[in-house]
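Since the structure comes first, as structure tokens, the remarks are kept for the end.
Going by the order they are written in, the chains are A, B and C; count residues from 1 in each one.
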Amino acid sequence: MRVETITTVLDLVGVFINGLLGGSVARRRELDLFGYVVIGVVSGLGGGLIRDVLLQHGPPLALTNPLYIPIALAGAGVAFLLKFTERDWNRLFYVLDAIALCVWAVAGAQRTLAVGLGWLPAILLGTTTAVGGGATRDLLVQRVPAVFGGNGLYASVAALVAALQVICSALGAPTVVGTSVGVVVGTALRLVAYRRGWELPGGLEWEARDVIGKAVHPPLRRNRRRGRRRDGDD
Amino acid sequence: MRVETITTVLDLVGVFINGLLGGSVARRRELDLFGYVVIGVVSGLGGGLIRDVLLQHGPPLALTNPLYIPIALAGAGVAFLLKFTERDWNRLFYVLDAIALCVWAVAGAQRTLAVGLGWLPAILLGTTTAVGGGATRDLLVQRVPAVFGGNGLYASVAALVAALQVICSALGAPTVVGTSVGVVVGTALRLVAYRRGWELPGGLEWEARDVIGKAVHPPLRRNRRRGRRRDGDD
Amino acid sequence: MRVETITTVLDLVGVFINGLLGGSVARRRELDLFGYVVIGVVSGLGGGLIRDVLLQHGPPLALTNPLYIPIALAGAGVAFLLKFTERDWNRLFYVLDAIALCVWAVAGAQRTLAVGLGWLPAILLGTTTAVGGGATRDLLVQRVPAVFGGNGLYASVAALVAALQVICSALGAPTVVGTSVGVVVGTALRLVAYRRGWELPGGLEWEARDVIGKAVHPPLRRNRRRGRRRDGDD
């Protein structure tokens, strides 16, 4: 009971600060008040909405629980009133955001397992819950979603936390254990990765042409081989 | 009965002219025939589809009612045959579009309340029904959705009409009253706002740093104060 | 039974090669590993996910069948390891891709009819199943979806195959017939269209102003007529 209360509070804190972040993005794009509302709601509630739409298990939590929409709107409203940049936001809230990221990933994985789906959908939808709102927000304002790179393992931490939740659930551990482990480990990793600028690798440089192409167009290979790896840096 | 027939007809008129508008956008982007079909269908049916997917209450109306898809396609087809610009469209259809906007907002709010959700989701989904198709269309062709600003209170009118519908419903007024009030008030406001170029305000200029930042980095404030408000116009 | 096995295998082959294609797009955009995963999953599973969300008939097949996600991930993983361009992909897989396109269109139409919806939604969702993943992928990386033109009748073939499936179903033909006819005819058409660069037409050049505008602003027409058709090429 105690843990569930904490989880709910952290979930809603995440909604608020993501609504606020959405509002900061709306300000940067010089949107009008309606733009703040849309981007704030999408940032704060988008991940859960996508998850619940995919789960097909009744109306989304964000619509049935009367707290979600007002709290997301409050975040956007604060961003509308106060001149807040994304950098200010990062400085003030990145710890809270790391915690909320993990809480959302745990909640998404739990909800997916509760509906009876398997471990892989649980990880997928846990991650989606955590990063889907921000990604949709970025799409709405026409930028490549930040989760695709250069963001201190943001999405990877969400996937890891969802995976931990799945493992704890498979081991029969009570909810509190999975939640605590996921949030503590995930938040710690996220904060370290954020400060040190850790990144996932980009694509490797093995040449598909070497492996597969040879069989298809062997005569073409000779000339091209000389210039090979020119576009690789190492 | 009479009113419901009128509402249905206006709803379908909205589908047709938004399909046509979508087709005009497709023409501007020089898409092929399939592009006209997709953009027309999204413009005409997108808002209702998003609403029904979020409500999770059976297949979307646009798929179960056999009139919606053909009418949206007819609109796109006309735009494919006739050289129609968005400006032509605005000149010819902005009154009809204002009416359809309000009808859609009313219908979205009613449907949300009928499913048993609260007043805030009803306003949110009423607005989504009215403006979601156009916003999705803009995303598909890579432009920032027009509802985010500079569009004569378009989205705000939808939100207001949905709110009026919610109030009338809460007061126990028969459907016809809420519908009539919403459509009449909303259309009038939209037409005035459109002609006079009324807009919602952008973000206010209160400095978040003054309110919150002081507590975080007090020593940094001194130097920055001199340059403060330079980027504010008033 | 035999045919259904073949269909399932071809469906999954489509998931794999579209995951791979998604990964190639991720490489071109220099996304990190998470980007490969997201774009791969969206490319391979997006069309079916959109269809199942719109059908509102239980959790999407891609989440309940344990093979879909791993196979899409495998495709993205291969693209992460091997340096694969979209051109390499086209050279190696376009026949397989044409087959998968048709299989997806058939499957989408069948599933829509099975839920009890009409022929037009069946064609719409059959096409969506076939091309929705690729279109969503293009949106995520900020390019106008390739299905909107210049792509060798890609989407049109999907619509045709879905329509053939609807016709076969209406005639009471067993599933195997509709599937076979659709896949054979569709694949043949796609391959010919691809090689010959066939395209759908863009919008026609009939002047809307001539047909409709005259009634609205007759006096303005005179001056404009001289400059008319200047923007038409033929």
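Keep this in mind: a contact is a pair of C-beta atoms (placed from the backbone, for glycine too) under 8 Å apart; a residue touches a chain by one contact, two chains touch by 3 or more.
Keep in mind the model is a prediction, meaning the values are calculated, not measured.
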Legend entry - Interface sides of subunit A and subunit C: same vs different residues, half threshold: different
Legend entry - Magnitude of the superposing rotation for subunit A and subunit B (Cα, nearest 5°): 120
Inset, instruction - With chain centres taken as the means of their Cα atoms, state the distance from subunit A to subunit C in Å. - result: 27
Inset, instruction - Identify all positions of subunit A at which a residue touches two or more other chains, and write them in rising order. - result: 53, 56-57, 139, 142
Inset, instruction - Can you check the complex and tell me which residues of subunit C touch subunit A? - result: 23, 26-27, 29-36, 38, 41, 49, 52-53, 56-60, 63-64, 66, 69-70, 79-85, 88, 91-92, 139-142
Inset, instruction - Would you tell me which residues of subunit B are touching subunit A in their complex? - result: 53-57, 115, 117-118, 120-121, 124-125, 139, 142-145, 147-150, 155-156, 159, 199-209, 211-213, 216
